[in-house]
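Order of writing sets the labels: A, B, C and D. Residues in every chain begin at 1.
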Amino acid sequence: MIDTLIHILALTAPVAMIFASLFAFTTWLERKILARIQNRIGPNYINIPFTKFRKTFGLLQPAADGFKMLVKEDIVPHGADRFLHLLAPILALVPAMMVLCLLPFDLPFANESMKRIHAAALDNAVLLFFGITSINTLAVFMAGWASRNKYSLLGGMRAVAQMVSYEIPLVLSAAVVIMAVGSLSAQKIVAAQSTHWFIFTPWGLAAFFIFFIASLAETNRSPFDLPEAESEIIAGYFTEYSGFKFALFFLGEYLSIFAINGLAVTLFFGGGNGPWVQAHPWLSCVWFLAKIFGLIFIIIWLRGTVPRLRVDQLMAFAWKFLMPLSILNLFVAAVALKVQQPWLTWPLCALVLYAAAHGLSRLQQKNVGPRTYQYAE
Amino acid sequence: MIEQVAFYILSAVAVLGALLAVSRRNLVHGVFALLLFFAALSGLFVMLLADYVAAVQVLVYIGAVGILLLFTIMLTEHVTGDDLRRLGVRGWFWGLLLAVAVPAVLILPAVLNEKSAKAAPIVVAQGNPALANNATQANTVKALGKVLMEKYVVPLEVLALLLTAALIGAVAVAHAPEKDASGKDTPA
Amino acid sequence: MSNLTLEHYLILSAVLLGIGLLGVFTRRNVIVVLFSIEILFNAANLNFIAFWRFGDQPEALMGPIFALFAIAVAAAEVAVGLALVIAVYRHFKTVDLEKLDTLKEE
Amino acid sequence: MSTEKLALIPLLPLLAAVLTCGMRCGRRAAAVAIGAMSLSLAIALVMLANAWAHGGVQTVSLADWLVVGAAKIQFSLLLDPLSACMAAMVTFVGLLIFIYSSGYMKDDPRCARFFCYLSLFAAGMLGLVLANNLLLLFMSWEIVGVASYLLIGFWFHKPAAAAAGKKAFIVTRIGDMGFLIGILLAFTQAGTLELFDNGNGLLEKIPTGVVWGIGAAKLISLFLFCGAIGKSGQLPLHVWLPDAMEGPTPVSALIHAATMVAAGVFLVARTFPLFVEGQTLPLVAWVGGLTAFVAALIALGQYDIKRILAYSTVSQLGLMMVGLGTAATGAVGMFHLFTHAFFKALLFLGAGSIIHGCHEEQDIRRMGGIARAMPITTAAYLCGALALVAFPFTSGYFSKDAVLISAYGADRNLFYLCALTSLITALYVTRQCVYVFIGTHRGAQAPHESPPVLTAPLVILAAFALGLGGLAGNSLLAKLGAKHSEHPFAVIATSWAVALGGMLLGWVIYARRDLGRTTDPLALSALANKFYFDELYAATVGRLWTALTWLVVMLQELLAGVCELGVQLTQATGQFFARSVDVRLIDELTMDGLARRFHKGGEVATGFQTGLLSGYLRWIALGALAVGVFVHWLWK
């Protein structure tokens, strides 16, 4: 009984450590890329105390931030619900971590028994994944409400509304892949993509497209970062958080980004598969991480360029565009899987999906007239 | 050994969560206690090797019902908990008594005399240890999906119908009447 | 090894039943009553799965199916229940059970 | 001329009556009535000749009237010398009176109606005379009664006339009751009402049964005689005849002199065999005698010219009854009836013309000196008077003489009574003539002579009054079946003495007295008041009648009381049950009581409906608990 515990520990501990370190790197990466997009340099000047070595390309910036967070005073607003105020960041972080373990890393040092346990325990990994991420919505709401601040409450309500409505397209697009593979287990999905990745099938592409957008909304990133829109409601649900709790929130957010993109990779980009993997099995982790960082680059890229969505546009986009499209995609995928000839399924599915997308978008514009400017001429 | 410890911990958490959910004056604390209770139960399901049900439990209860309850509390005035002077409704003492009596009646025969337990209508499989032997058995999601799709396809469709009806019904009932020009509620 | 028997689970669900009933019978706030009803539902689910696991044909998967259906119905019930609570609140401006007694025979 | 035309005689006046009842113009109605009467007179004369030649009984059956099982009652008429003479007499006198009344009633507004009634009367009389069936006879008898009521009460706006009409009708009805009972008895005994039915008619086969211990024929004849008494105004039922004078004079002449009153006598003559069989003739005779004597006495005390004549008629009818009662056959009575018809009609019409002349003055004390003013009327009137007195060789002398002879033959006392009556008759006739004709006119206006249309019939009747007796006397008696009896000298002597003596006595008493102002010597109060018969009747029958009505009223009161009692009783019991049983028992147990108990139970039940949701849930839980315990106990 003890060794199973040890095995589990052995499996989960390295994943947690890897991604925690990556968190620091990605914060730096994000600030650098944003700076480059905005035609500026970004953090590049950190002098290490007691040494004169300064030019570190800002790589130490995350450490500096972390230290700042630790040192800053941790304020709890008067009359706020202290227990919930403390619980919210924890609840944001824990699910993200749990979900990471579900990803199909085949760690090089894992032996046979560890692999078996891993497989058995995660028979319905994808389902569990979605279950646990839904706890994240709860944490956001708890934060919003516990800080007893109108803006944070508003931010919390917006975040919950957004995350709840985008959860459906997320799950439905994942369902397409599950239907194709026939199993919820991540390993089986990755195995199924050994020859060709699902991204290269028409419905797979559409599914990835929907999954990616929904994941952005799920983690409150870029075009969908309404909850912490600085211009309107300061920092959204974590306005009242400062110091280490704020850091925890940030960590939680980034981990959930890694997790969701990890899932995207497993579902659409064939997880750890890549060239030379058969030769060097340890390459699968590298490929896995590389793909994740590719997606993260796109996310940061989007953050720098795409403007923020209004609430009603946000909701309309989810309910009137993504969800119908994902349901249609489900049907199209079913048909395509039945009819195996790719030369026939490709054009047909592509055509249908494109037509649907075009039609739905046209439906949206029906009542959108030319913009009218009241003051600026 | 581990199972027993896990079982007792989880059941303790569940009972505590339930009690807190029922007794807290602050409704939001009640909701979170309830969510704790759901999580504990999901753990119990995992212990009973019904992990699909556990996952669904988490997804449905913690993910959706919890949020729904919170929204309802938001929309009704008592967010900061009952400001009512007393907690219980008239004649709460009888309620307490009955709340104890009903489970007692269910448990008592099993506890009081072993004989009646044997005669208990429930056919208990002989020596069916929980975890070990059928771990790899048919409780994979595939088997469940197959059974659902073959044997219980009609109930599934009915369930689908029920859910849509509930969805539409809930919206219709809770739909706030639009304010017409004069600010008066138009009939819903 | 683990000698968890069916009775353990039955006793646990009975206790949960008791707590649920306690909430239903004694609390004044409708929402708390809804909490307790959820607790009752879960106690029932626990029973389903317990009986399934300790039952004689686990492969028939009766337990999980029943549990799933129960969960689905419970979810629908909560949705409609809460919608009703909101509608009641809008009409009666209160969720206190003692005030919502229009059913009373004059 | 065959006997079928016989039916025309009564039908023609009936037709005239029907025609005139719608008319408004008096003259045209008179013409129709007179035309019809003259036609029927012609036919009657022809029939008379036929009957005279045939001698026997001829019957004509027109149609079936009532068919009741075996018995058959027919419209049947008969023709024999008796009915032929009567028919001729009635039509002839009727015609004269019609002509007289066309003048007399000329200026009366309702003259057409008067002629309608007269025609109706004539039809009834002729029907009565010719009927061969007792029931048909009775029907015509009643028509005549009605006609007399209508005619007497013609001036109905005069209360006296209306009362007189009613009185006449009621008194004759009393008589008719007897007549009807007689008919019913005859029908039950003889099985048929036909008088002559070739062999087995009523008169041919006299019923011989015994009813109530008295012989059938005797009893039937007695009842028929009752009808005769009523109709002819014999003693007990004579009171209506003097009052009938209220009607117009022609009416009195027609009805109370010539025809109607003669109907009673005719009935007795017609059904003579019954009387002979029943030996009731002496009774008839004595009733007639007494009536004659009493009526004559009353006539002495009267001052109204018409009332004197009325009583004289009653007296003469009494004499006719004596004639019938004493002779073997009805011939003598009938002969006196014929002669009396003529001179009494003459007297009445004369009186009418006198009244007309004295401007409607009827009291003889305010008349006088008419002889000079109205010579024709006076001459005719004196002829009638002489006939009435039975002055030798007038028609009255011959008929009254025959009566006295038959009375002399049958019953000597009766003879003396009749002789005394004749004396008194002569007395009051001369009294009347002295009052009216001699001396100065005591009335307000001087009398004037009536126009010829009134005086012509008087002259004709005067001729008949004087000549009929002598000329037709013997042949008429023979035809009517009179046995030729010798004329004893004593009877003739007494009749002469009585007639002339009476006149002389009257002249002595009244001639030189200052009439009008001094009291009349013989007009004793008893006579003037008609022996107080009216008062007598009023006292006896009247009071009896009121007593009877009082009795009936009391009886009704009693019945009403009993009903009321019954109603009260049922109401009381209803009330009792309603209050005690219904309210306390039924309501309480089943209706309201039960409802109340349910209501209380209901209220208890509502106690549970507190509206508190938790409460309801607790009760459910309790129920579940109970079931659980029960199940466990069950499986113990």
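Here is the rule we use: a contact is a pair of C-beta atoms (placed from the backbone, for glycine too) under 8 Å apart; a residue touches a chain by one contact, two chains touch by 3 or more.
The model shown is predicted, which means the values in this text are computed figures rather than measured ones.
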- Message: Quick check: more C-beta contact pairs at B-D or at C-D?
- Response: B-D
- Message: Can you tell me which chain is nearest the middle of the complex, judged by mean CA position?
- Response: C
- Message: Need the CA-centroid distance for the pair chain A / chain D, whole Å please.
- Response: 143
- Here the gap between chain B and chain D, centre to centre from mean Cα coordinates and rounded to Å, is 124
- Message: How many angstrom lie between the centres of chain C and chain D, each centre taken as the mean Cα position?
- Response: 119
- Report the inter-chain centroid distance for chain A and chain C in whole angstrom, where each centroid is the mean of the CA atoms. 34
- Would you mind listing the residues of chain D that make contact with two or more other chains? 610, 612, 614, 618, 621
- Query: For chain A, what residues touch not just one other chain but two or more?
  - Reply: none
- chain B: positions in contact with at least two other chains: 1-2, 52, 56, 64, 71, 89-90, 92, 94-95, 98-99, 102, 106
- Task: Could you draw the chains as nodes, link the ones that touch, and say if you get a line, ring, star, complete or other?
- Result: other
- Every touching chain pair, please? A-B, B-C, B-D, C-D
- Of all residues in chain C, those that touch chain D in their complex: 21, 24-27, 33, 97-98, 100-105
- Would you pull the chain B residues touching chain C in the complex into a rising list? 1-4, 7, 11, 14-15, 18-19, 21-22, 27, 30-31, 34, 37-38, 41, 44-45, 48-50, 52-53, 56-57, 60-61, 64-65, 68-69, 71-73, 75-78, 82, 84, 86-90, 92, 94-96, 98-100, 102-103, 106-107, 110, 117, 122-125, 128-132, 134, 137-139, 143-144, 147-148, 152, 155, 159, 162-163, 165-167, 169-174, 176
- Message: For a test of understanding, state which residues of chain B touch chain A in their complex under the given definition.
- Response: 1-2, 26, 28-29, 32, 35, 51-52, 55-56, 58-59, 62-64, 66-67, 70-71, 74, 135-136, 140-142
- Item | chain D to chain B touching residues, read off their complex | 610, 612, 614-615, 618, 621-622, 624-625, 628-629, 632, 635-636
- Note on the structure: As the complex stands, chain C meets chain B at residues 1-12, 14-29, 31-32, 34-36, 38-39, 42, 45-46, 49-56, 58-61, 63-65, 67-69, 71-80, 82-87, 89-90, 95-98
